């Protein structure tokens, strides 16, 4: 089997320099170059940006697991089986909150801008890509699926194809259900700052802590409040525990299900809009993907939707379905 | 130790006859009579109605458990330790949905009316009670705590003291978080009717089924829809899975936290308003009890509130705190 | 439907008086009398002794549960459907360790003697039973199934039919697997005495505590050591945590699987030997029941064995199968 | 901070060629070279072989995790903080059973021989190591801790220092407790071969499957039976479910706790014998490490033992304690 290779580049972002969360502005970004990249020095390739889920960053897509190939091995195998060749870019948009949702936020940093305005042109300048939106795709899972879908809606000039695996949407079901627990954890910790510091200091991260971190991170991304602790507007009043309706409305403005009606035109221009979700998704995202795709249907927006018999975690094997689809759409 | 005794009466309710859910209208209601009831044939006693939680009915308060006394044994011990004597009435407002929330509903039956207008006068006629609201209390846990608190608000002419243990309120946190799971279960079962029939047929009730039943029951109580399947308006669209805002508003009209501002006057007339909740309540009811009691404070409504270091289940030992308080308040 | 009735008798045991564990010698024993018992004052009835599992006692068989009939209601329904009438005796062999395994032990008391030599004759003297082993059966679930089966082996002169539901056997699988956890819990508590006192004082019993209590109780029953703390020989060294092979051998002497070869003759005399087990038994008792019944087969001992698709807990519905079998065998 | 680098070598093993399990004989082995390795071309370094736990292989020590440094990053940081420099070798002894326990077995392959006789000389030949047992250590966690400790006992001529984190021992507690569950899973699958094939085909590995795989793997390593299915002698009879005492004795011959008395002399020659374990180890390995180290004490064998407040999983941070100890011992 012919193998591609991975270049691990360190990208010094100007956009992220001095970000509010104090995260590094230089990021290590793995870039997968397919077998023919070195073999044929004249050929140009379509590119797919692959976005990781919450607590992830690009490098983790290369992690070794004896029963689940890393993304580069997976891509090698797909290409060997006839999939058109692709360059894969694996951005690092991690923050100390556990993620950025690939949006611009005063509490975390300008990750949307970093990705679209900074990383994309840099990759096109440095690598032999087909540097046009028709040949540039974006994909991801969970928060990465959210990111791919939302950026596909808002930056259809940059991306010509989208694959969204188990992407965050219908925020009532995927986030709101965790508010009371997150509130308990943050209250017990003495507020978000102390929670975060204690979390970082713990060698072992507890499940409840990760759930609370998730809600805190979403708040940092969707409802930053510069005057608040850590610059984050929580979706509940930390003193009383009661939900905050105003904050909740700010969150909903990011919900792909709510964004869809006003972004139908952008989605219509895509060469491929792929979505899938497990029928046992623990974040209930199948309950979101179904009305989302029903609405696509109603709006006459071409798409492909699959459900699979699994939950939310450990489903990178779904890239075996989406990457060939993306490759074909972006190679045409 | 002197012991009281329990009479198990069968009460044939006119109000419940022909109820929509097809539940029996004759109910077995245990009535605890304290030691002096037989000893002193002239003495009259205050009464407390004790309401069970979801899936419960009065008789279950007498269930044997080697490490947790039944309610009659508990009351005997409290009286032996100096608590004023009480008659305890343990109504059966169970339905095939698992409960009635002690409200009137076209989907279940008129349990609120049954309790207040039928059972109370019948008890007063048949037993040597102090037949006045000053001497009549109502208590309960979980759905029973909700029932006690709500009936105390709406029928302050009937009840002069209320004890609410871990009572349902702040419906966003105690109910809404279970909507997506309940929706999945009901969808998989083929709708509420098939779900309920399959549930009844299963010798072993699964945890997920009980969660779904809980949501179905709350819908039967809070948002009955005569035209809908089983007469129940679900808080989500069963086809799409999406939340239904109109149904949700009907639910909120039953939330004690929402009822409080308009029922402050009634609560002010109570001789005792007791609330407690575990700090680890799995239904997050501590996040409800805190703003509820904060609001009581603000409104200048006398009450007593305790938090205890435990969860939601298996906390009948809290009656050791509330029953003496009720007994003293109702004996005064 | 004709209904039987339950007499709750208090039995003052001489055998249990002054027992080592300090448990009461007077026990409340429910006795179910079938519909014809009162209707026909001359008729005599077969009897079945029904033994509860660990943490149980006879009265709990009458506990109310909206979806699972109490034993008396269950028996009424079976009789209405044609089952021969039976008297049911529900002994209380509970101890502060959570149970007695229905054996004689210096650490708990002489429960085997109490049951066979004291309770049986007393019942026969007081009630219109068919007072012969051909008409006397013994049944139980879990530790009660163990008790029924073992007493059927050792006291075939007293019992002519046995029903064993999910009974303890193959002690490697049902007990030994919990030794390390139990050891951790007992070590953390500061030894068995402190553990037991702390356990009794806790209003809420934790799952780990119940597992540890189970192992402690089995040790109290199977390997009492008068000189040891609480008179109990633990199956592991509490200081080092290491298994104790000598104690383990004492346990194995109680294992029905080991008792079988030397008690085949007794089992052959039974009118009915019924066993069943769930295929998902959490204590792995299906792995015990299979070789046990295979051995019965090999020894040519008549029996009936059923597996059902369920686990270990909440399976009283299996009495719907065993009680009619017992009734027919004991009525013949 | 000065950084070392990792060479990913592919090692074509002669010893593993044609192994029974059909696993590849060429393995990718990461080798960490410390900062001075390139800077000073004359210097030689001590080496530590780091063995992964069950389901692991060397490369996984390099996996990215935002809150837990990979082994190379961890080593860089330790060296920057003053730890003597080390070469780290991360062998791949994975098999289709999930691991090899670093022993020779006819069912898996000769992994012990591969490691000691093949990999060690090859590393010494190819890298500037201090090629003497005084400067060669072996470390690992869980099954890797078992491997390090056992190889330190049996090959003290090869390794002069050992670090065992949460290593498998006292097999009654860490393995035997899982026999009944593993038996159920293997029976349901239709035997080990079908189980393994189905397991490999599943994109999502269930927890119960992994437990069963663990027991199957240990059987493949400790009790191979060339005539049996897959060449594996199971510790229970698959038909009856009963434990097999003869197989169990073969397992015990590998238990470090049993090996200790006969290998005391070897352990006495070590420059460092380090052990640690979490006090909440889910495999109960603290109950093993305590008597093991107590026996070391009794035998007068120098060692260092630490307990830490955590469980069995996700504890690579313990290398922050052991690696500097090893480095100092092997550098002296």
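Chains here go by letter, A, B, C and D, matching the order in which they are written, and residues are numbered from 1 within each.
The working rule: a contact is a pair of C-beta atoms (placed from the backbone, for glycine too) under 8 Å apart; a residue touches a chain by one contact, two chains touch by 3 or more.
Predicted, not measured: the structure shown is a model, and the values here were computed from it.
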| query | Hey, what chains does chain A share as contacts with chain C? | reply | B, D
| field | Centroid distance [mean C-alpha coordinates] between chain D and chain B, Å | value | 57
| Centre distance in Å when chain B and chain C are each reduced to the mean of their C-alpha atoms | 36
| field | Length of the line joining the C-alpha centres of chain A and chain B, rounded to whole Å | value | 45
| request: Spell out, as numbers or ranges, the residues of chain D touching 2 or more other chains. | output: none
| field | Every chain pair in contact, whichever chains are involved | value | A-B, A-D, B-C, C-D
| request: Spell out the residues on chain D that touch chain A in their complex, using ranges where they run on. | output: 55-57, 59-60, 62-68, 94, 98, 200, 203-205, 310-311, 314-315, 317
| query | Of all residues in chain B, which touch chain A in the complex? | reply | 170, 172-173, 176-181, 183-184, 240-243, 284, 286-287, 290-291, 294
